[in-house]
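Given below, in the form of structure tokens, are the structures.
In the two assemblies presented below, chain A is common to both, partnered first by chain B and then by chain C.
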Partner chain A sequence: MFDTQTISLGIEILAATILVTTFLIVSSRSLMFYVRLFAIQSFLLGLVALLVAVGFGETHILIAAILTIVVKATVIPIALSKVIDKIKVRKEIDFTINITTSLLLCALLVILADSVARPILEAQRMSDLAVFKVLPMSIAVMMIGLFIMIARKQAVSQIIGLLTMENGVFLSGLSITYGMPLIVEVGIFFDIFVAVLILGVFVFRINQTFDTINVDTIRRLRH
Partner chain B sequence: MIEFASTFIVSAIQILLMLLATPLVCGIIRKTKARLQNRRGATIFQPYLDLSKLMRKEVIIPSTSSWIFRITPYVVLASMLLIALLVPTIFAPVPFHWMGDIITIIYLFAAARFFLALGGLDAGSAFGGLGSSREMSIASIVEPAMMLAVFTTAVTAGSTDLSIIVNRLSTTQASIIHPSHVLAFAGLFIVTIAETGRLPVDNPGTHLELTMIHEAMILEYSGRYLAFLELASQMKLLIFLSLLANMFAPVGMAIDTAPLSLIVGVAAFILKVAILAIVVALVETANAKLRLFRVPELLMVAFVLSLLALILYSIIGS
Partner chain C sequence: MSVVYFLVLLGIPVAGAIVCTLLRRRRWFEYVTVTSTGLTFLATLWLTSLVLQGATIMTPKGWFFLDALSVYLLVIVSGSTLVVALYSIGYLHRQIRNKKVDGSMLRLYYILLNAFLSTMMLVLVSNNLGFLWIGTEATTLATAFLVAFYERESSIEAAWKYVIICSVGIAFALFGIILTYFSALHVVSSADNALNWSTLIAVGKQLNPDILKLAFVFILVGFGTKAGLVPLHTWKPDAYSEAPAPISALMAAGLVNIALYALLRFYILVNKAVGGSFAPNLFIIFGLVSMGVAVPFILLQRDYKRLLAYSSVEHVGIIVFALGLGTPLAYFGALLHMLNNTLAKLVLFLTAGNIRIAYDSKIIRRVTGAIKVMPVSATLFILGVFAVTGWPPFGLFVSELSIVTAGFSAGNVFASVLFVGFVATVFVGFIYYATGMVFGEPSRHDKKGDGDTLSLVVIAVLVVFLLVLGTMIPTMIYNFIMRAAAVIQV
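For the complex of A and B:
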């Protein structure tokens, strides 16, 4: 249908857009906006998987792609926005690291991700995988997800950070091996899904007990 | 001789198109915003009427002002017209592309901004000074962001000459469009909104002293001076939209002076700019004005996106 060159270009452009959505998550402070951006990010990830499935004839990825679009781009965002509606916390107000600095640090993380991935790419020079160039970007998405978990104090933001990291893992799996075996993918999906449900309930409970979802306050548990 | 004539005609078409289309773009944005807010809104030709009315009005010059105040509208409009000659709209390479590359364009914008800020200060009113200082502080982040964004396409095409960039990108379609262009486009779009004083950064439709930036600088101007400054700021918007349209999607760009390809070029240009104008109107409707101290955050997003675009270019390679 299309030649591999066009498909890898499409995948690269989608991966770049995923990186953009990740930066937009770092740049915003509204919890609802995080969730929407995460939905867009997952949808784009689903499209990458779809392209890999159709373009390189990896049919088992097709199921993973559909699961991504259904679970990560639809069900999880709806569940999270319900939680946000219930706890009535709309904005992130105090940050460990402010937004401007966070953005610059994340730009540095991308450079770091590149320098981490470069030796791997060079060692695999003979590899014919067309989507290989996506690896630095996916490592960057993982790192920024971790960064979100460190820099943000609200529990919902930390869930979003975790999910972003997971998206990065999935993307890197796609870029290195055209995706992990289906059974692993399905396992991860249910893991993430259940994790989000449990975390959602947790956030709700934390909010009920402490009147806040700022994780700093939860240190009081120790006393 | 024929070559000279066609060059001349193409330049004339270009500058006329830019001059004529400029108020129309503004009109389209206002109309779209009005429809989105459930208003009927003025016709899309209202900006023409506004400008012609301003041209006929009396000019009042503050008694405290110097020659800088009077020269500013001419300098600002002249810089915009010069840039309009350099930016490829329907035809690449534009005939006068040897006059200056992308860096010249950025500095022409800077010259216009410098004089506008001086003009704002010159009348001695408090608002003018406020507007000028805000404009300059925003410009200090916007300018590097814009440079990085346009350099991303410059490295892809291997030249800083805007016409050659657009020409190369349009002749070797798919192979040269690079993933980093997505980020550079996003960065340049935010820069466009900030540079042209659109909504999340500055509100073009109000004179509220707490929020205004561009309007504060031109508050003392009246009559044809105001008309020139209005036209210049509308033209700046059109220039940015055509940069966005033609650097990142040079579809339909005419690469020779055959009449048919010129017509296709004009049609593609109008279509692309109209789509972008509607997108700008959508962004303006969907967003509230940011607090002034939040603006640097938004601009930092633009800067980081443009920086990332360059990093990504080196990651993926050509």
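For the complex of A and C:
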């Protein structure tokens, strides 16, 4: 129906949009907005996986694509917005790094990601993979996810940062290997899902015991 | 046929966890868990004898396999879990009497203990690196609520920190595994085999060295977080000091070895593919830095559970350093040290649990005259302290001596001198605090009361084992370690 080049172009555009969502997360202070952006990001990631599955005939990734859309783009965002409703904290107030500086640093991270990806791309002849341009973007998504965890202190922001990182890792896998074998992908999905559930329970409990979910204000555990 | 072995090994603890969810009576949780951990231990001994007699055991698709290295770790980890299960009985009874634990918490504890064991087993039997990752992340998830067990503010915070930091680390490791897989896809014809460690080792020299180097850096960060290598060790003191004593013990004795095992598998692979001194140098540097950073935290410590946690950081450093030296003697020393450290950590964390209950405090200065309050536990504790600081005639003396000898004969004089300096300094700090806790006069409020007989007997057996390893290593164990070390030396 479409040739490989068109599909690759589609995947590249989707990946670039995913990168844009991470920048939007960094630029905002509303927790609900973070969750919605994460849902969009995961939906786009699911579409990338779907294109890889259908476009390149890698059917084993089809289930991972569906899981991404169902679990990451739907179930987890719904659960997280329930958490936000319950804890009644709507805004990220405590910024270790302000928004302007954050955006500049994230732009630098994108350049850094490109230089990390270059040796990988040069080390192997990349002719057989049509979507290798996505690798630098996926590394950038990972790095920005980690950045969100460092720069934003609310518990929900930390979860979003972690999930964004995981999305970046999944995207990198899609771009250079067309995804891992099915059983492995399903196992990884299960682990991530359970991790989010457990973290969600902790957010509830931290909130119950401290009346705030700002993880930085709790500093009892110094040596 | 080989599938049956793995079904048995993974099935017993999973069954234990499921049965615990169905039970109501307190006693039954204990019976079931002691049975499941005991059977798992027996099964690993049986599989060990099979592996040591013949070749490796592998399932048809190569997802799971056993060689001398994995069964060595299986015995250590399942043995530690059995010890912890036996200790937990008396410990939790006392906590119920102190109104710190109720019936439903008890059930959760035993379900998660079984689940924890099954996830550790999964890591150790995985040939497929994807499963290895899944198992490692699952160990974090199985222990999350155990760290938060007492539901104090500080324990929930510790558990939060633990899950977040370890999940970030493990995400990096996943990227490293993807890079490894990517490099393998160019060499291995079938994508199904391209994640299998045994396949990768066979084609090792054809893998792209530059990609594997980068992959190893991510994997070192990822599994290094889980092992508690500096600078990613920060979750460890919090989690170890907040978790119930038997769980801290199992994290220091089991989980640490799981992470080291995962690192070791990649270390072997990268050495094969890259050769030279890339991975060994990283190990030497990270090992020494972990030892060095632990020193001031051990010297200036107020909390004895955190003291033990930093000792764990130090000993992970020792093992990683030894692996980095890369000679047969160093590999022998590293593997022997894994066993010794496991035994010493079990002794220390479990006796510290008894001290904690008697004094109701984790503060070192609050604990004085333990030898009068709880003679047996205090004696075992001080013996454990001598063992962990590398005194003869305990096992750690032998393994640390092998490592230093290997270091000097490999020409790493400066690194080896640092190693000796760190070990000696830690010794001074440890003895200073431990003698203060054990000797002297107890304050008037401290009522006498030692641990239960069963757990004291179990801990005493561990101390005897440490003495045996320090004086005359049985030929059987020596040969076993040599077989496991041969796996590293490909």
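By our rule, the second predicted complex is superposed on the first by the 218 of 223 C-alpha atoms of A that agree within 3 Å, B and C clash if a C-alpha of one lies under 4 Å from a C-alpha of the other, contacts with A are read in each partner's own complex, and residues count from 1 in each chain.
By our rule, contacts are C-beta pairs under 8 Å (C-beta built on N, C-alpha and C of every residue); 3 or more make two chains touch, one makes a residue touch a chain.
Nothing here was measured: the structure is a model prediction, and the numbers come from that model.
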{"item": "First (chain B), second (chain C), both or neither touched by A:Ile206", "value": "second"}
{"item": "Chain A residues touched - chain C or chain B, whichever exceeds", "value": "C"}
{"item": "Which of chain B and chain C A:Leu162 touches, first, second, both or neither", "value": "second"}
{"item": "Partner chain(s) touched by A:Leu103 [first = chain B, second = chain C, both, neither]", "value": "first"}
{"item": "Touched partner set for A:Leu24, first chain B, second chain C, both or neither", "value": "first"}
{"item": "Touched partner set for A:Ala195, first chain B, second chain C, both or neither", "value": "second"}
{"item": "Contacts of A:Gly187 with chain B and chain C, given as first, second, both or neither", "value": "second"}
{"item": "Chain A-facing residues of chain C, complex", "value": "128, 130-131, 133-134, 137-138, 140-141, 144-145, 148, 151, 153-154, 156-161, 163-164, 167-168, 171, 174-175, 178-179, 181-183, 185-186, 191-192, 195, 208, 210-211, 214, 237-238, 242, 297, 301-303, 306"}
{"item": "Contacting residues of chain B [partner chain A, same complex]", "value": "174-175, 177, 179-180, 182-183, 186, 296-298, 300-301, 304-305, 307-308, 311-312, 314-317"}
{"item": "Chain A residues within the chain B interface of the complex", "value": "5-6, 9, 12-13, 15-17, 19-20, 23-24, 27, 99-100, 103-104, 106-107, 110-111, 114, 133, 136-137"}
{"item": "Sites on chain A touched by chain C in the complex", "value": "116, 119-120, 123-124, 142, 146, 149, 155, 158, 162, 165-166, 169, 172-173, 176-177, 180-181, 183-184, 187-188, 190-191, 194-195, 198-199, 202, 205-206, 209-210, 215, 218, 220-221, 223"}
